[in-house]
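One chain, chain A, links the two complexes that follow: it is found with chain B in the first and with chain C in the second.
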Partner chain A sequence: MKRVVCSVAGLFILIASVCVAISLEQIKLQLVSIIAHAIVKKKVVKVYLGDKGFLAKTKNVNGVVFVKQCKDADLIIVSKPDSLRGLCRDKPIFVTNYRGYRSSNLPVGALFWQKGRPVLIFRKRNLERLHVSLPKNLKDYVVD
Partner chain B sequence: MIKYLLPIHRLLFLLLLLLFFSMVWVYLSFIKAMYHTSTGVKNIEIGQIRRCATTIDGTLRMYLQPTDNLVEEIENNPDLRKKLNRVLELFVSREIKYVYVIYRDNKGFYRYLLDGSKSPKERGELNQIFIPVNTVLWRRCFESGKDTYAIQRNINTLWLTYLHPIYLNHKMQAVLVLDVSMIAYKKLKQTLAPLKGYLRYLLFFVLLVIFVTALELYLFMKERKLGRIDTLTHLYNRSYLREKERLINLDSVAVAMVDIDHFKRINDTYGHEFGDMVLKAIAKRLTTYTRTDDIVVRYGGEEFVIVFSNYHAKKNPEEVKKIISVAKRVQEQVSSTPVRVKDKQIKVTVSMGLDPFTYRRKTLLESILVADNMLYMAKRKGRDRVEVAKS
Partner chain C sequence: MRGFLCIRRIITLLLVFMLVAPGASAYTVEQLLGEYAQKADLSTRTKKESAGYLIVFTRADLDAMKIKTLSELVNEIPFLRYNENAAGLSDVNYTSFQTNTFNPIVVYLNDRQMVAPFSGNGFQLLGQLDMSYIDHVEVYLGIPSYEIGFDTAATVIKLYTKKGYRENATVVSSSIGSRGTNDTYVYSGRDLGNGNSYFLYLDKRDNKRKKVDFYSPYFHKLYTLSRNKYTYNFYGEFDTGNFRFESQAVFGKMDNFIGQSWYMTVDKNRTDFRYLYGGIYYTSSDDSWKASINYSFTSSDNTQKSDGPLGVYLKRISPGWPGIPVTYNTLESKLEEKLSDVKVIKTFKIKNDLFMFGVRGRYRGFNFKKNQTDNDITLPGSKFSREYVASGIFEAHHMFNKRNMVVFSAKLEKHFVNGGITNFSTYGGRVGYIFNSNRWTFKAFLFSGANAPTPYVLYRQNLLGKKRVSPQIASALSAEITYRRDSSSYSLLLSDTRVSKAIYFSASGYRNAPSITWLKSVSFRYRRDFDPYNRLYLNLWAFRLTDFRSKRNLFGGYIALFNRIGRFTLYNCLSYRGLYGSHRPAYNLSSTLTYRATRNLVVYLKGTDLLNRAITTDYYRFDPINRHLTVLKDVPVFDRTVWLGVEYKF
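Right, the complex of A and B next:
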């Protein structure tokens, strides 16, 4: 119970901390940046955004650079992970809906909005496969 | 600058200020009343939501058998889940945006059990993890087993989240959640908004009137001040003295008349521009060597009047000697240093006529006339001196 409370409080703080700007788009961008740097230990992380509906405008902010092809990316954000081909499938994949997360074993996590609330999940198995160690503040979102 | 205001203006200004503060008070009282009304209406709205939650709970029970494990029963019966989801869907409206049922698993995670959301994107799947924003609310509901609600401050689209525990076999098994949209809140706000707006406009109008009046008063005061100041020397002029006369207590002042010696000659020799500079210099010296309480007036041409204040010869005759010495000191100081204008330096002296017995005069003008006579005498006696009235 304590873990859940902590995790939820953590997510809230995480959200609140990035809510400097009021725009939902900016919150999403900030969250993408946090997730990208948590998974890929690079100063500048290249992100491929396959789900065009997730962000209206892809702006390079906070050490995140959006690339046009998934093969050039360090992190892939898509709605349907199984539609990815070749080398892209081996890269860290994040999905933007729960169905995509549940139906595929590829995603390392999911970030989406449901009922006006943000949902962030990391898949433990895939984190281990990619040898990703999450920062302490994100560990509470890891599920089996 | 306030001293240039007429009493009627002061009264007007005070009345406007009073009006403004009254308006502020009315506005604050209205805000307070609105808060109470809003709370009342909110409670009515919450009461309706509570009744709705009870109705949904009752409807769900019509389909459920008494069980110790609701989660297992729904997990094992997809048709039942579908039916229950459809029941919840019936209660989704513009006001109640989401209706769903959440349970808490063994690890303490909140998970979806049922969801009445129509949109597949919004619908939480069975056992999907649910992350509440307001954790305290959820903890409170699961721990107390009672209906709970909270105003959503971190979700833009929702106003309120209402939690209603679902009991089966006297055991709390899940929580029915009703997310109330901002529409209800907006409706509430819209009811009171016109009144608030009306008061704001009124307050703004009063402020505007105050501003315009204050501006007019300021311009009036400025104009008035300009009319009482000599533009060349920046000393008060004769109009000021005439206006001030009735306020001056003759028992506590002494009047001196000062005139620049051979001023005509200065003008003729060096020109009027130079003469003006000399006038300015002498005026500055007179202001410097007198006290701030004393009034120095350019009476006309090269003549100045000094009204020495805080002088009480009537009560204390010794003060006469004192004021004579003060007047002499002023005259000496003004005359002692040559005036320097545009690389030219000339010796300028002044003569002074002093009436230390102003308290004996009927008017200030009478005292000025006495001082003027003394000045005339000083001129006749050779200038650059002070002549004092004997009685």
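Right, the complex of A and C next:
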């Protein structure tokens, strides 16, 4: 049931994002929401955003709540995953930077720029390690 | 009639396709990412609406077009008609018997003005070079703000190179086209962390143009005129966030078409050229300070051989006599050009006001190392060989509230020239008002300024022993209104320009026009974004020039469609230019079909001038001794070319 709710919510967000003129920050928030709900199967996902340059203003919308400490989060979004310490390293980590993705084995996925375009990618090995099953619409973004 | 039906059929097909294609695709995460890319391109990049009337060609546009040269973009820029001069170089302002008296287009590569120290025309330098290292393009119509660059013109084209932190890849691409035209490039860009990134690019291009056959009844011989260009282009950039180091090297050989040949009887006309550039740019973390230092060196060796004469010089027989005219049929010349500048800009932001002050010092020098004709005769040269230009700019923005804004800018420039030419000053000033709401944008600008004669004009005038011509003075009033509704936008632009003392070439040298030149223009633009990957651009415009010699009306427009269906990306553009002198209306259909075979491999098929009805130009040459006119009519300046290309990302 949760999966259906998540999928419907995701679809709604997608359609809304395309039909209504939205800002860059709103698009990023919606992408964070899709990624968060794809990795963490909860109605409300607690997200720690370590990369302040990715989002200038964090706003608790679309079932995402931003927390200040990484230990309190369900999902960690950073640009340098290796700088995380302790328990935070065991949580699902998503990176916003190509270098951070390539230089570390920790990230479960990444959103970075390549060839002038944003690229969304999920690492199969880490998805399996964290027992994450992605919704159908994101299966194409999984790489070995 | 058949041609018209053919064009009508194509337009109908394009419209049907346009209506059907967007409905065929469903919304996906890919489309949300597309929206992200588009918004990032248009908002966080360098779009400066207050700077002027702006048209942006985003990375997605250029990628879909698989753009090969800057000349292709001219079809989608209002009020311009692409043309090539007698040397086969890009020149929108080309008219027979005239030389460039001012720059109708100013081209910037990032923040560097592309300017040839001698001819002054940057569009000639870049018009037919490769574009694969360019990320996106901004085109400013009218005279934009000095924020865009110290040197402005009726059209300012800003090319922004790809950035390492947005590439994160190594890409190799190769394409082969009609007549053996081929192009290979490789680039690598990486985000190195801590704000550092690099981008390196190397391109080799063999641009084989259509040959033009010319039968000379005077010499009873068929001549084949060539405009081929063979170039290597290297571009490198290292960015630390605050500092950016830029370098470029272009090496090439080109065939210079008719060149100076009086009878178009060219045996050989070849130029080997080298362009070397290095620059350092500084931007403070809060953007309040900007500084740069640039140096470029250009060297070109030209060899011309012709059955008919290339020119004439006065051979002195005895002192006191003016000499007898002697023609020459071969010419070997070597020109070296240097350009360097230092620039500092300081910006203050105080509540709703912004103040910008800038100063620039520029040196440009050129030297004919060789200018030798038959029998080792060295042609006389002008003493004018260098120019120092000191410039100062000031710009102020005041926002009354979120919707209303006024802008004011001014520039003063002092030219210090050698060779006995009197130093001179130029100036410019601009006031504007901008209204912006969710649906409506209104902009109006009033500009007045003096354009310095190009160094080429100063050189020729000095050589002829004539008095320096005065700078021409342009005053322009323009306004644009834009209405946005959902995913559509409509813009109407009107402009009226008055040019006094316009510089033109006459039999007795360069002169200032005796009466006012008027330029009136109107443009309508429409854009519809069906979704991030399917969009339509439409532009219709008219331009009228009235000077003391003639009246010229120029009409143009284009319709362009960008579509994505599954793994295919399509670009189709039909452009039109008409009623320009005696030339037939010109239609240029360009199409690109891109297939993304895998995540890393892309294959594309691209065609330009598919209707074989693109712009043509007439060339005239005159023998002043025998009073003989040679005419070469209807030479296409675009070649019908089809490319097949492949691109692989490592």
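Keep in mind that, in the parts below, the second predicted complex is superposed on the first by the 119 of 144 C-alpha atoms of A that agree within 3 Å, B and C clash if a C-alpha of one lies under 4 Å from a C-alpha of the other, contacts with A are read in each partner's own complex, and residues count from 1 in each chain.
Convention: a residue touches a chain if its C-beta (ideal position, glycine included) is under 8 Å from a C-beta of that chain, and two chains touch if they have at least 3 such contacts.
All figures in this text were calculated on a predicted structure; none of them were measured in a lab.
Once the two complexes are overlaid on the shared chain, A:58 sits clear of chain B and of chain C alike. In the superposition on chain A, A:23 makes contact with chain C only, not with chain B.
By the touch criterion defined above, A:97 lies against chain B and chain C together after alignment on the C-alpha atoms of chain A.
Legend: residue contacts after superposition of the two complexes on their common chain; A:117 is shown touching both chain B and chain C. Once the two complexes are laid over each other on the shared chain, residue contacts for A:31 go to chain C alone; chain B is not touched.
Once the two complexes are laid over each other on the shared chain, residue contacts for A:137 go to chain C alone; chain B is not touched.
Looking at chain A, you'll find residues 15, 24, 97-99, 114-120 touch chain B in one structure and chain C in the other.
Every residue of chain C that touches chain A in the complex is listed here, in rising order: 27-29, 31-33, 35-37, 39-40, 43-44, 59-60, 63, 135, 162, 165-169, 171, 190-193, 486-487, 531-532, 649. Put simply, chain A touches chain B in their complex at residues 1-5, 7-9, 11-12, 15-16, 24, 97-99, 102, 114-121, 143.
Chain A meets chain C in the complex at residues 14-15, 17-18, 21-24, 27-28, 30-31, 34, 80, 97-99, 112-120, 137-138, 141. If you check the complex, the residues on chain B that touch chain A are 97-98, 100, 104, 107-110, 117, 120-122, 124-125, 128-133, 135, 139, 152, 154-158, 179.
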